[in-house]
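Naming follows writing order (A, B and C), and every chain is counted from residue 1.
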Amino acid sequence: MVVVHTAGRSRTGYSGIPAWVFVIAAVGAAFVLLPLAAMVARVNWAQFLPLITSEASLDALWLSIRTSAASTVLCVVLGVPMALVLARSEFPGQRLLRSLALLPLVLPPVVGGIALLYTFGRQGLLGRYLEFAGIQIAFSTTAVVLAQTFVALPFLVVSLEGAVRTAGHRYEAVAATLGARPSTVLRRVTLPLVLPGLASGAVLSFARSLGEFGATLTFAGSLQGVTRTLPLEIYLQRETDADAAVALSLVLVAVAVAVIGLSIRSGIGSGRRDGALAA
Amino acid sequence: MIFASRKPAARRPFRAARLSAVVGVLAITTAALAGCAGAQSSGTASGSSTGQLSGTVTVFAAASLKASFTEIASKFEAANPGTKVKLSFAGSSDLVTQLTQGAPADVFASADTTNMKKLTDASLAEGQPVNFATNVLTIAVPPSNTAGVSGFRDLAKPGVRLVVCAPKVPCGAATQSVAKSTGTTLAPVSEESSVTDVLGKVSSGEADAGLVYVTDVKSAGDKVKGIAFPESSNAVNTYPIVALRASKNKDAAKAFIAMVTGSEGRQVLQSAGFGVP
Amino acid sequence: MSFEFSARLEERAFDVSLELAPGETVAILGPNGAGKSTLLSLIAGLLRPDAGRAVLDGKVLFDVGSGSSDWRPPHRRGTALLAQEALLFPHLSVVDNVAFGPRSAGNSRKSSRDAALHWLGEVGAVELAERRPAELSGGQAQRVAVARALAADPELLLLDEPMAALDVHAAPMLRSLFKRVLAGRRALIITHGVVDALTLADRVVVLEEGRIAEVGPTRQVLEQPRSHFAAGLAGLNLHTGVVVSDGLRGADGLHVAGHLDPEAVPGQAGVAVFPPSAVSIFLEAPHGSPRNVFPAVIHHLEPHGDQIRVRAGGFMADVTPAAVADLALEPGLRAFFVVKSASVAVYPA
């Protein structure tokens, strides 16, 4: 009996995907790629280098990379414990807490900016005490990092929590009966096991931080070299110089693609878990 | 590869039908989206050259004109039964970009001459733009005015957290020329992309002072306090208005412009804080 | 010094008490869902009982309920757990896996590694030291897991069906390894295999529905099973009822003739036990020497070694394939199961 079906062919075997799914998938891909291509087509290549190497552009790029790196570190520091608690422990209101922790994912960034303003701003909940202590957060690079962390943290928490849940806790149980303290289990078993998930979460957080705009604009302000990140610079350039805006947009896309590409090449962004069940 | 063998020909038309159904759905979706866009156009308008005005007038106006133009529009509709004014407010440069990309509109009112020039340079304007309002900078401070700002020079005092518009945007350019004319060096903590952002930072108390337009302070109510300063006359912002060549309802467009520049319009603009020529 | 355990867990209808002498290995038998893994999890500290108390060499593992609440976390219990799957940490090399216990106990890197190599030697896996778990076969991985558990120097070793996931070639090798390392070691081993229980354990505990159904020396339990599970496991016919002078009167009214164990007293609850190999099958009721004749309808035939096991009613008989063919035995056929009373032993239940 020969199975007669053209749909769902793949190089290595049966994929089970009907042909029309491929058609819609292609439309979807075009929907994402076409605008990027259109933007590339609009680049003024003659002026490209001078545009992206202007002092303002380089300042913005460097600031973006610095702040995104800092916020990624902050996301890891805060997000790993959050993900572990959400994935492993049970307590009343946990589901609610989880939804709230992931709120920035669906919140318009401007709303995040306003919320941060009323927290860390001069007259904010914490800001007014920080002000007494001589610490000013608004209009500082710190504010940029806080805004980026606020919007990027859920990405890390979500992807790591998924990884922790998938990994299960059997390895941890074995480690504990072998005499490992909970901190040792975390350091030597749990974290190494979910490293791929952690890494892809960190990459996502970095990418999200890089693209942060709304919360930064609302909360941190916009000053060259201090708070004006690449997206803010693009937004500003767009007012007067479309060529510069397009050129900088391309730089931002290139940086994002490079980050994602690097993570895939090193195998950390693909969610691969080797030897999950070494039996 | 037994799994990859061709499907019998008899089944192919069936599959083709299903595919075309999918394509059909996509086409309908696209058409529906296009329909949404079409609804915004002024294409439905018609006005006889001699008779009464009718149809829709689509007005693209600078964001700072929002309150005034909304009021003028309702006056216009009341005076010309059968007409409908559609208003679209955004930054002047955004609007010009949209218009050069072919957005359908009948009237364009800019917050500065620079953006209007972009429009006329692109030969999109019908006739010469008319200046209908002016706006000057003013100092906005939080109601408490904790930094004790009383004049333009106070803005340069150390410890005063000043927020201004970036030099690239019109209000920032005006700020720069005032600073230059007075020989003051400003050290802002932030250079925002729009007046709204400056105002937001002042009204939230993050900034001690900001430089915005008189009309912005007025529309912000009691959330901020305005401090006028004489040096502002060094940078007067002029608002031009013009009908668009692509307009399909030019009579109504011209009538709307006439109302804006006429006594009724001047009155509304003045009460909003604008200067009128 | 010994191990005493008693715990109750309502949620799983679990209520078990048991004791282990030093150096004693006990096999836990029982059907699926009987609470075998629950028992190990409670001992290892992966589950909390509702009430109970466990003491390992004077060290209180838990003491819950009755006003007190003492609970020692898993890593401070000294009860290493070895599961069906090896669960070697995939990111660590074999030697680092085995060195995990010593390292966690605070030993230096060097001495932990030495200990790991020693235990790898004990299980015959030194040559695997630098490999990754993903590069091991199932049998190799389980041997390494044994070394890892032993390297942690547990006071009580918990084995949860350690050979269940292995193929037929790997199991015998691992069994002899267990026989070696479990000698003189205090351990609990969950198993489904009679051979494992016979070769590895000093005593057997049979769990049924969260309770201990039977407990005793391995050979005794398997030869004189009192629980259905143990009997089925040992492949013996088992019939419960009341002891009478010449045998047993079944709960179903069936009279089973047999010889009485010295402990069996007529009038008490008892159990009649006889091996399937002692049963013959006739199509017509035979007469003659004292024997039991049980009429029954055959409902199942299955190969059992080089014989055929025939099941009818509650009985099993092992007959040759030739006999099956001669008698044309098949499900639905009415036949007589015949067993000499001399082959039937009656124990007190």
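We take it that contacts are C-beta pairs under 8 Å (C-beta built on N, C-alpha and C of every residue); 3 or more make two chains touch, one makes a residue touch a chain.
Given the structure is predicted, the values throughout are model-derived calculations rather than measurements.
Taking the definition of touch as given, a chain qualifies here only if it contacts chain A and chain B alike; none does. Note: the chain lying farthest from chain C is B, by mean C-alpha position.
Chain geometry summary: the mean Cα position of chain A and that of chain B are 33 Å apart. With centres set at the average Cα position, the gap from chain B to chain C is 82 Å. If you average the Cα atoms of chain A and of chain C, the two centres end up 52 Å apart. Contact residues on chain C toward chain A in their complex (touch as defined above): 44-46, 73-81, 83, 85-92, 100-101, 104-105, 132-134, 136, 138, 141, 148-149, 152, 154, 158, 165.
The touching residues of chain A, counted against chain B in their complex, run 2-7, 9, 13-14, 19-20, 23-24, 27, 117, 121-123, 138-139, 217-218, 220-224, 227-228, 232, 235-242. Every residue of chain B that touches chain A in the complex is listed here, in rising order: 2-8, 15, 18-19, 22-23, 26, 91, 93, 97, 161, 163, 166, 168-169, 188-193, 197, 200-201, 204-207. Across the complex, chain C is touched by residues 170-171, 173-182, 184-185, 188-189, 192-193, 195, 274-279 of chain A.
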